[in-house]
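Chain IDs A, B and C follow the sequence of writing; residue 1 opens each chain.
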Amino acid sequence: MRNYIIKRILLLIPILFIVALIAFFITNLMPGDPVRVILGNMATEAEIVRVKASLGLDQPLIVRFFRWLVNIVRGNFGDSLYLNAPVSQVLAERIRPTFLIAVFAEVFGITAGLLLGILAAVKHRKFLDQFSITISLFGISIPSFWLALILMYIFSVRLGWFPVSGYEPFAEAGLGTFKYIVLPAFTLAFMQAGLIARMTRSAMLDTLKHDYIRTAKSKGLSTYSIVFKHALKNSMLPIITVIGHNFAVLLGGTWIVETIFVIPGTGFMAINAIMRRDIPVIQASIIFVALIYVVLNLLVDLSYAFLNPKIRYQ
Amino acid sequence: MKKKLRLSLIVLLIVFSLLISSTVLAQEEDRFGGTLNTAFQMSVAHLDTDNSTDSMISAMMNHVYEGLFEFDENLNLTPHLAASYEIKENGLVYDVKLREDVRMHNGELMDADDVVASFRRWLEINNGGQLVAPHFDEIEKLDQYNIRFKFEEVYAPFLNILASPVSNQKFVVRAEEVIDEFGTDVIDRHVGTGPYKYEEWVPDQKLVLTRFEDYTPSPREGSFFAGERIPYLNKIVFNFIPDAQVRVSGVQTGQFHFAEEVPRDQYQIFKMDQNIKNVIIYPDRMSMLIFNNAEAPFDNKYARQAIAYALDFEELGYAMIGDPQFWRLESALHEKGNPWHVSDAGSGIYGVYDPEKAKQLLERAGYDGQPLVILSGQDNQMERQGAIAIQDQLEKIGIDVELQLFDRPTVVERRAKKEGWHMHLSPFIKVVPDPQIHQGWTGTNKWITNWDSKDSRQMDQIFAEMLREVDYEQRYKIVERMQAELWDSVPYFNILDYSRLHIRRTELKNFQAGWQPFFWNTYLE
Amino acid sequence: MLFLKKYKKYEHSYITTSIIILIILISLSLFAPLLTDYNPVRNNARNRLQPPSKEHLLGTDQYGRDIFTRILYGLRTSIEVGISVVILTVIFGGIVGIVAGYYPQIDKIIMRVLDAMMAFPGIIIAISLAAIWGAGKLNIILALSFAYFPKMARIIRSAVISIKDLDYVDSARAAGANDLRIIFKYILKNSASPIMVQATFNFALAILDEAALSFLGVGIMPPAPSLGAMVTDARTYMVVAPWMILAPGMMIILSVLSLNLLGDGMRDLLDPHLKNTLKK
């Protein structure tokens, strides 16, 4: 097992190197010059050259790439061109609201998804099954930016239950933070619930077909204990997989949802950075999302290996 | 007995008058205090006005820094940190006497050294300074509170440019020690003379200013940026809220006292709200259509004129701004009421919708039917909606148009090139105190126009004459010629003037709708 | 084809329903010029922000354009983008997947690169690429294809690996068939089912992501109608013109939903075991 873990971790190095390579060149090939944004509408060419040199942006691309690579290995992503601070520090601050939203969305999503999926499997081909299928199909088909706006219109503009958008950190607003989190988290949870419900349903249906479930039934065990003690336990692997794989999708979703609800998280930061070419921040954001994705995938695979020893020796 | 009565009457009177005066004083005293929360649209890259052309920076830093001269409500130039001035040697020399009691945020008194250091930096790197620099000789410290500005040739608009609110051209006084420390680099330590001092800046989130307790107000009567500024508020917080609806709901719920640039279509909704007042800024902005004068067909003035005839400006007003109370047709570069307003500018071409004539002119210019590229920004409503509406109108009369809407950095980079675009829409600040200021973007190869022809050199000539003319009547005639030349060769033209809508809470008192929002002299009830 | 052989109209109601909806949507977009008197891009700004009425079934937007008309044409854009992305994804994914599956020598390198590409969520790749290339239909199609093809390549690669060592492929090779012939005759034919299922889901995803990119302003270049960009406009005028937001969203949901339904149906039909290996 230990060798397997080490092997898998070593495999991350080339993947992350390629990610870094793509991230660096994508961001530097973008048209649009951050210096012109810094200097404003009427800047002259002489001013642009002067500020460019002072930011070190006049060096050749390849020199900047290796300098940058060495720095990020040390955990230094450089300084933001606009935020007057090191990117790593900014990222650490901005991660909190994103994390809150993601966790809430995931908790909502898993609860609703499991519930819907189990109901559908237990009541296979009955009304509840159809109902659950429909809801989960909607979950994966509704564009999150549209759902966010509809929720905002109904619950904030019309009913006034939540602020239209904005955010106050936990340290300042205490529990008041949550009124800013509910709508964005629910928007993202809807899609997660759809994905998880679909997977739960099919995994449960597969499990319920097995002989040991029939044996349990014939032994007279209650439906409750069959479903929760046996079937659900044995369907967990594919469900965990879908959750793990889709967490990165969830993080991608926060890019749009944070922008709509104006929440100063990592996604809002990334979109902002793209719109004004804050290159170090864009690079760090891409690497951040990719890193979470590969680490989660690693954990999913390791849990597979842990539960199913055959994989380790392949 | 009578005496006693009289005495007690006098005592009563004294007590009474004391009471009255103390309540009056208390009322005056009551105005002090409170934290003002404002919501502004755009975050800024830094706070150094000399190093940017973003007027949002000076809107905020006007509270921290002051100019030698400032404009009052009627755009009259008024000495501010200067006590008085004298123009000598037919306009080659400006002697300025400074106010001697002005305390800076570092506790020291402002003197000639601070002004000289600040001016040298402004002259070198500021956009306004660069307008002045070619004609300037040197700045000289006469004594601790007297300064001499010397020119190589007569430069009439000098003082107006020092106080110009356009594109951050204003000259402000910073402490010499700060300039020694930063040189031409972006300053992030702020020591000025203003009624508020820099407290905290969290990029993308907020700027916090606090009252400068030792502030020395100008002895003149307060009017907009000039004269007495009283810092009633303890603290001013500028929050950066890019989403308009968030700014609006913040004011509706009382979280903010003031919000910049809110959706004009919601004017009626705000009007019905008892707690909110609409603030319409006038004259504010003009929407400028700029041609790439180097690229065919717009290297020919007939093609440029054709576009003015091809567009229905009123329809454009509805499409790019909306409600007609927020926009008006205006052919002149200076609004009505401004001393430089030319009422018959562009007559015969401005606002004349004549597609047939447009087609003839295009033919005359030898236009070969190639698609015309409109390059504009996504992030500004006027630019985006105006570009879409212009494309629609030109296509309606059979001109092929390619629309290129990009985010800010891409637009700024592409329009700086000599080829690849034909037209660009841009919002310009309408409050231009001196016609010379237009020289920054009008003339041979100025700004992005790539205008380089016989006409452009003639325009340079007009501005050179304007520069030397100090008599108002004579100078006005030159401005008339400048406007006539502009509407003949049309390197760019203003489609219309428009206003932004701000909103404020009713508890914010004494607020005045200036071209840049300011909060000295305002207080909270 | 396998698909048609197994399909029975009444037993597979999902497929039937989704195909009917899709046919309706496609004809709506194809026959748009017959269904409306308005032009999707012509302005009439004096008539801006009108609520729904007899003249304008779904009201007008801030340029006075008819929203009903723009939805029909916007749907056309979505379908064009969707189909193009599916075709390009199959081509890119096919080439890379077959090369990786067929030639184990370079399989490892290709897989690492694909892993790295999959580590970016698709929308982030698309945003970055759209920012580089600029907005526009062609660029969106390329960006989305680029984002989706790694998954398609993996599916095709595993199909290739599972088939290429089977006896009948071996015997074909022994009979002197060259690689290209084997790839086309046996492998592609036999991996059609998973490709078709994945392609259907990609179609749905492409419609969603095009809308999201246009919503962010890096998608279809205005004034061309795009359902996502219509939602952006609706957001700006949500308080004064709430009718602008409902219709474009509904159109996106309807098309994506029916495609997902079709994908589900096809998956059940073609290979019940695929259920757990394919994720959307």
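The working rule: a residue touches a chain if its C-beta (ideal position, glycine included) is under 8 Å from a C-beta of that chain, and two chains touch if they have at least 3 such contacts.
According to UniProt, the chain labels map to these proteins: A, C = Peptide/nickel transport system permease protein; B = Peptide/nickel transport system substrate-binding protein.
This one's a predicted model, so the numbers in the text were calculated from it and none came from an experiment.
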item: Label of the chain whose CA centroid is most distant from the centroid of chain C; value: B
item: Pair of chains joined by more contacts [C-beta pairs], A-C or B-C; value: A-C
item: Approximate Å spacing (C-alpha centroids) for the pair chain A, chain B; value: 43
item: Centre-to-centre distance between chain C and chain B (centres being mean Cα positions), rounded to whole Å; value: 48
item: Centroid distance [mean C-alpha coordinates] between chain C and chain A, Å; value: 22
item: Multi-partner residues of chain C (each touching 2 or more other chains); value: 131, 134, 238-239
item: Contacts with 2+ other chains: residues of chain B; value: 245, 248, 406-407, 410
item: Multi-partner residues of chain A (at least 2 other chains); value: 30-31, 274
item: Contact footprint of chain A on chain B as seen in their complex; value: 43, 45-46, 51-54, 125, 127, 130, 167-168, 184-185, 188, 201, 203-205, 241-243, 245-246, 248-250, 253, 379, 406-414, 416, 426, 440-441, 447
item: List of chain C residues in touch with chain B within their complex; value: 41-43, 45-46, 48-49, 62-64, 131, 134-135, 217-218, 221-223, 236-241
item: For the chain B and chain C complex, residues of the former touching the latter; value: 244-245, 248, 263, 265-266, 269, 315-319, 322, 378, 381, 384-385, 388-389, 391-393, 396, 403-407, 410
item: Chain A-touching residues of chain C, taken from the complex the two chains share; value: 112-113, 115-124, 127-129, 131-132, 134, 204, 208, 211-212, 215-216, 228, 231, 234-235, 238-239, 242, 245, 248-249, 252-253, 256-257, 260-261, 264, 275-276, 279-280
item: Residues of chain A touching chain C in the complex; value: 11, 14-16, 18-19, 22, 26-27, 29-31, 137-138, 140-146, 149-150, 152-153, 157, 195, 198-199, 202-203, 206, 238, 241-242, 245, 248-249, 251-253, 255-256, 259-260, 271, 274, 282, 286, 289-290, 293-294
